[in-house]
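Each chain carries a letter (A, B and C) given by its place in the written order, and its residues are counted from 1.
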Amino acid sequence: MSREELKSYLTETFPSFKVEDTFDFPLLWVPKEEIVGVLTKLKKDDATQLNFLMCQTAVDRKTYFEVVYHLHSYPLKHDMVVKVQLDDRDNAEVDSIVSLWAGAEFYENEMYDLFGIRFNGHPHLRRFMLGDEWPGFPLRKDYTDEHMISL
Amino acid sequence: MEIIKKFTESEDEQSFVINIGPQHPSTHGVLHLKMRLNGETVVDVEPNLGYIHRGIEKMNEALTYKQCVHLTSRMDYLSAHMNNQAVSLAVEKGMQIEVPERAKAIRIIMAELQRLASHQLWWGCLGLDMGAVTPFFLGFRERETILEIFEESTGNRLTMSYITPGGVLQDIHPNFVADVKKWIAQFKKNLPEFDQLYTGNVIVQSRLKGIGILSTEDALSFGTCGPVARASGIACDVRKRFPYDGYEKLQFDEIIYHGGDCWDRYMVRMDEMKQSISIIEQLIDNIPSGAYREKLKGVPKVPEGEYYQRVETARGELGVYLVSDGGSKPYRLKYRTPNFANLSALRSMFIGQKIGDMVAIMSTLDLIIPDIDR
Amino acid sequence: MTLLTISLADIIHSIDTWLNQTLSPTLAFAAELVLGGVAIIGLVIVMAILMVYAERKVAGFMQMRYGPNRVGKWGTLQAVADVLKLFMKECLTPKNADKLMFAIAPFLVTAVSFMTFAPMSFAPGVQFWDINIGVFFITAVSSLSVIGILMAGWSSNNKYALLGSMRSGAQIVSYELSAGLSLITIVLMVGSLSVKDIIMSQQDLWWIFKGHIPAIVAFVVYIIASTAELNRAPFDLAEAEQELTAGFHTEYSGMQFAMFFLSEYSNMFVLSMLASTVFLGGWMPFHIPGLDGFNHAMDFIPGVVWFFGKTFAIIFLIMWFRWTFPRLRIDQLLKLEWKYLLPVSIVNMIIAALITLLNWQL
């Protein structure tokens, strides 16, 4: 589907969610309770068939977190972005999508390690890059460390 | 694919845990694998990363865009040109810069030479890991000439930072075209030697065929890309699906095999080398003349917004996710690296295989650990 | 010209008569034993140094590079430098290792490989111990090295070493069968186990030509089986660096490691000598039945030169394998032996027996 068709499809199927545009892809904002349901529908539906999780990451917007999912469809050759806004920075949690895409296990581990976002239902959430004793979560914007040097 | 169980829960009392790495002759980089073995068979495996985590994504938030390009060469250092190309393309997309034709042709030739050099090293190390020491020297002999060509034009052998936003950093050396043509003639003569020594060998075939099978659904579910996914039947070559920098005008085949075992991953890369040669041959004689870059005034500032750029490195699809707030430094620059996704497929490929196969699987996966840890 | 007429056998004979004249018979016998032992140990050490140097140079030339060429002219003193380095390294024993077995294992392996030199015949009349079961003695004694390897792996208290020694033990025990059967093929045709008889029976033509098909098959099987017995590539799982760091000798360092290293090379030398004795005629020059002039010309070259020439050719062949082929997995290796080599050897032996009975050899 072309970009406009995909946007109109999204506005029809999910009337209560906001649909926007980034530079490359259409963007769908989803509340965090419904993320697994929405992604399942996007993956299984014949019109979208978004069967490939390209990238799953998080952005720290100082007052809230954004968890970003980039999806791609191999049969239909289109892509889109799904975002979840997490307002609670200290207890950021969202459901894990490991049941849909097994590759999400590593992305979610990385996000827990570097941002502190917990994923419910993840089989083995651990700090696998920084080690268990690292204080704080480095990729947050308010992270400080006495060894850090500002240029 | 059923939900992955925790590594420590295992019902098998006969099994024991050994650590492979982080210092080990056959893991290509510092990767720590905890393997639970029952005799010779692998029951479970858990990778443990972070030994070369340098915080590149955090550093990017304090550097300007031109400085960010330098850090990308150090991620997947065997695809240095392509990593630089990815970030440069993302910045150019944001700033709406048009790159001159000469720069595009040079970029493609450098990228394909880099791909060939990377596959040479992969082939040499594959032979070395399986016990045949001679392929190592043959592969590095070819790679050495390419590195000398790089040094002549870019000044560096491994971490080039040559492809920058706007074009390339400086024009190619006057001997570049002649050197590349000479190397291609020599490589075409030597490539049948590779097949003669290694591909046709019965021992190699019996060690690679039927080992480490990755089915198509699993490959999609884990998000694998590059030769690993193409060997499982997924047509994922970014140069064909989302062409950039002039790839749409070139004639080359996308190599796809359907078996998903180590042998198919091996053959995909061997055939890709031939395709890269044909791409270079199409371009080397007709590099357009003109400017080699579009000069960017002052410090480049990318307008506010989000940009996603995909590039095909030697190992798969590198995705650059750039979130900008309008300033001269990125707000968030995330790299979706191919090796990260390929590593997550490791567990499903290992379970049930023998320890001797572990080496074959790791070599055909062709992981570069700094790319995983960033 | 007089130099050519003095053979090695004459020199030994004259030493023997001198000793018997100056000392009492038992003392002379004891002196001869000691001299013979020293000579063999000297030969082994010289050969080991030569083979280590040759291996590295051959590897270098096959890989389009120079081998060692800094230490001494053309790198000839490289092996000496390596031995000196190993001398001066500390011999560590792991903390929870079984100290007695850990210490004995290298000596056992080395002693066994020295013992196999006894029945070998290097030149006409030069043999340390002429017994009538020479070939049998060699194969029997060389299989004792398995005990040393298992001891080394077990007493190291190291999972990697244990895995390596188990693999190595399984491999050596399996391949001894094929090696033994292929030697028996020729012994059948000769009719005697004694090394001297085997060599003398090749006076008209070497067994690899005289025994035609069974002998050639036996030769090929023997080369494959002895490469496997030596733990050399393509069968070097026991020391596969890429998988198990160093296998059964992971925990050994310094002179103890040097003994394992030495025993590997001296085993290679012994098995090549055995192959050249049984299949290629030992010190017997190349004769073609019927061409007397040719045979007479061949006789000018001394037996020692023939013997060492053939041995070095087989050593070169075994080294060539190492730098060409990748490694086999353990189950593929054992499958090769039990499903392919062993049936082939048995059938081959039966055919050889038939040929001997019906007198069909050349």
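Annotations for the structure displayed:
Methods note: contacts are C-beta pairs under 8 Å (C-beta built on N, C-alpha and C of every residue); 3 or more make two chains touch, one makes a residue touch a chain.
Computed from a predicted model, the values in this text were never measured in an experiment.
Identification of common neighbours of subunit A and subunit B yields an empty set. The most central chain, judged by the distance from its Cα centroid to the centroid of all protein Cα atoms shown, is B.
Here the CA centre of subunit A is 25 Å from the CA centre of subunit B. A straight line joining the Cα centres of subunit B and subunit C is 46 Å long. Note on chain placement: the centre of subunit A and the centre of subunit C lie 65 Å apart, centres being C-alpha means. Those residues of subunit B that touch subunit C in the complex are listed here as 16, 18, 24-26, 40, 127-134, 136-138, 141, 197-198, 201, 203-204, 206-207, 354-359.
For subunit B in complex with subunit A, the touching residues are 1, 3-7, 47-50, 53, 55, 57-58, 62, 93-94, 218, 220-224, 234-236, 241, 305-308, 317, 319, 321, 323, 331-332, 334, 336, 340-341, 343-345, 348, 373. Residues 59, 62-65, 159-160, 233-234, 236-237, 240-243, 245, 322-332 of subunit C touch subunit B in their complex. On the side of subunit A, the complex with subunit B involves touching residues 22-25, 51-55, 57, 59-60, 68, 70, 74, 77, 81, 98-99, 101-103, 105-107, 114, 123-124, 128-131, 138-139, 150-151.
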